Amino acid sequence: MDPLGASPLPARRASEWATVLGGTLEGPDLVVEAACTLDFGFAAGLSFLANPSYRRAWAASAAGVVLADLNTSVPNGYRGSVLRVANPYAAWAEVLSSGIHPVAWTADRPAGVDPSTVLAPGVVLAADVVVGPRSVLHPGVVLYPGTVVGADCILHANVVLGSDGFGFVPPLGSAAGWTKIPHLGRVRLGDHVELGAGTCVDRAVVGETVVGDGSKLDNLCQIGHNVRIGRHCVIAGQVGVAGSAVLEDYVVVGGQAGIAGHLTVGRGSRIGAQSGVAKSLAPGSEVLGSPAVDAREFRRLFAAQKSARG
Amino acid sequence: MDPLGASPLPARRASEWATVLGGTLEGPDLVVEAACTLDFGFAAGLSFLANPSYRRAWAASAAGVVLADLNTSVPNGYRGSVLRVANPYAAWAEVLSSGIHPVAWTADRPAGVDPSTVLAPGVVLAADVVVGPRSVLHPGVVLYPGTVVGADCILHANVVLGSDGFGFVPPLGSAAGWTKIPHLGRVRLGDHVELGAGTCVDRAVVGETVVGDGSKLDNLCQIGHNVRIGRHCVIAGQVGVAGSAVLEDYVVVGGQAGIAGHLTVGRGSRIGAQSGVAKSLAPGSEVLGSPAVDAREFRRLFAAQKSARG
Amino acid sequence: MDPLGASPLPARRASEWATVLGGTLEGPDLVVEAACTLDFGFAAGLSFLANPSYRRAWAASAAGVVLADLNTSVPNGYRGSVLRVANPYAAWAEVLSSGIHPVAWTADRPAGVDPSTVLAPGVVLAADVVVGPRSVLHPGVVLYPGTVVGADCILHANVVLGSDGFGFVPPLGSAAGWTKIPHLGRVRLGDHVELGAGTCVDRAVVGETVVGDGSKLDNLCQIGHNVRIGRHCVIAGQVGVAGSAVLEDYVVVGGQAGIAGHLTVGRGSRIGAQSGVAKSLAPGSEVLGSPAVDAREFRRLFAAQKSARG
């Protein structure tokens, strides 16, 4: 199990899950020991397909069991079992809820915090967090359970790491509500990471939300669940990165920009302030605008628009 | 008095207010016991008209007394008294300041907090807050006086409920400053509400700022004074909703969108990420862009703009 | 030394800095006692030129010593010494690091806090902060070292003043990281300033980040290092102001707007919600859009765009 994309569950056979979820098992009755993403599948891992756009990931997945709806055909290449249910996303939420532990905060210095780490007054930590040497946690920093912070990090006042991400199963009736997706994952920061005041990084649904070595985030940024930020990225104030987006190394993002979920921003790309990135970007891209386009095209469009008026 | 749109004041006759404010009373000398919005007027309530666009609300208002300027005619239909002053908004600020109590924080568990509520370390509560059963308040959550939180709510780290809203009387001279509008109201959350880390909901000027049952807000959202969010809304990260806006049930708002004040977003509307909603939306609307337009129109405009360049 | 644009350093001769930095001194061997901006230069002050666009400021600067690269010619008018180094920005970071003291938080009420100041539970202060009479600090407010708050200020919950600004020397090799610019300056608020919940104001690199008398900022705003906000400005929620921008008096900024760094917004200008200001604005400007243009032009462009479609 790769912790980047999987989180443990109480061990249970696929056939037991079929009974609990009111579903039908197609294929071998494996023992499930973790919830995983399709990309990080393995034999004892259970994943899900809620969206046809992930069909290719399913075909390539090594997950032992995949939750799918009653109609979707199994893609060529997938060799594991399929657990058919009416609503795979709701079933996924129910599976994940089996892995949730109560949150335990501690007034002590947790054992995983290096003796050289500076903990300011007003820092609140879960009992099992890990913080590397020479890191500094300023007042009001909150680390939820499982959070891992590397060496030489600086977390400014009121940074929150590991709060639940934002995921809900849509209402199933006209008067019904949204069902929370439990979050079993965690947040992991590399070394030499600096996070500005008030910045929040959400825990993963399963696996990890990651900020790589040497990356710097300014104040009041919002990093969604399962985002992976590479090494030496620089992200200005009030930027938002939606769930499962990937920023490769050396990406630079201007203030108040937004990056949609489930896309990849290639290495060394530069995203202008207030841009809205809605599609994956090739390495070395420079984009501006909302929705974001190539920076040169943006400047041409803006100039043309102004002259067209005259 | 409906607490949704009114807040108590020390009892005082309208004629006494006329003396204090240097104004003139037209109509019966009622006893004023509350400040109220025009929409939630009642016989012992005092409201104000600072903006001609509220003339229709004034005509229909049951408020016993309305502050108005020296020239505005009383609309057909209004049956209460009028208190004429040079600057109704400044007078309104002065009236409200009579109702303000000092803020009292407590180190104890307030009596209104259900025994089953989880209070993490670093939570700071005013003495008179009410929190329903099974709600969870994570570290750094702050509840200002009067805040009411329902059952089964989750407030993530550093959520702030009930901070003063943002309202100031404009400067009256070239070297003068802005005068604060006192905020007598409160925040009320329904049941099964989840608020992300760092999200802020401001108290009402009078009455309540409301987040309805089952609504979910992501991290770092800003909800202004007197906003009313309906049931089962889903609001992504870094969204801002300006004062007195109304979101009906099942509204979905994408990340970093902004919604202007004093408008209504109809039931089930969907607002795209980074949109700026400047007008009321009919139920079931889908909008994109800043300023926001119908989503299909936005896509046509964007495509036309790109092709026009070529 | 003007504290608005300079911060003390341990006294050291320019020739000693030349040795430490591996550079060459051109001109008198002055004693350096402070780091300063070009605009606030004085005989014992050392500044730097990392960007040719500051050449005019260099020509007019009274700084005793300026760090410059190996090729740039000295502008007419500048009378001080020049310290030639391969990378002036990296050298500047190294100079600044000589002036950094460890951050000391205190559990006591610092001596500089007026007895009439209200400190709510959960406030965390550095030992040397100064807060004027009748100011109110709500729960979770954090004041970093050196912060000065005037009289009659209101800081709502989780406001952070004086966190490090966001400045890094770019990587010098394909696998290298960003080098932090140490921040020696501080934050200074005038009197009657109100800051909304979660708002952050960063300390200056050298000198001060300033919010002038009577200015009001709403929730979740981000004010960068060395920004100077004038008197009686009103800034709505989630606004971002990038480093070294200047807002003159009586500027009004709508929600979620962004203002780029190193520009000036003239007195009384009005910036619409979600605008992106990328150029300096003359006094009395009214702008909308991203990038922001004159408000009338914006409305014409938007109308033309919609009709062109039809």
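As written, the chain order gives the labels A, B and C, with residue 1 at the start of each chain.
In this text, a residue touches a chain if its C-beta (ideal position, glycine included) is under 8 Å from a C-beta of that chain, and two chains touch if they have at least 3 such contacts.
Values in this document were obtained by computation on a predicted structure and should not be read as measured data.
Novice: What's the rotation angle, in degrees and to the nearest 5, for a C-alpha fit of subunit A onto subunit C?
Specialist: 120
Novice: Copies subunit B, subunit C: same or different interface, half of numbers shared as the threshold?
Specialist: Different; most numbers are used by only one of subunit B and subunit C.
Novice: In angstrom, rounded to a whole number, how far apart do the mean CA points of subunit B and subunit C lie?
Specialist: Centre separation, subunit B to subunit C: 33 Å.
Novice: Where in subunit A do residues touch at least two different other chains?
Specialist: Residues 122, 140, 158, 198, 220, 238, 256, 290, 305 of subunit A each touch two or more of the other chains.
Novice: Within their complex, state which residues of subunit B touch subunit A.
Specialist: Against subunit A, subunit B makes touches at 120-122, 136, 138-140, 154, 156-158, 192, 194, 196-198, 213-214, 216, 218-220, 231-232, 234, 236-238, 250, 255-256, 273-274, 290, 302, 305-306, 308-309.
Novice: In the complex of these two chains, what residues of subunit C are touching subunit A?
Specialist: Against subunit A, subunit C makes touches at 103, 105, 107, 122, 124, 140, 142, 144, 158, 160, 163-164, 166, 168, 171, 176-178, 180, 198, 200, 202, 220, 222, 224, 238, 240, 242, 256, 258, 260, 276, 290-291, 293, 297, 300-301, 304-305.
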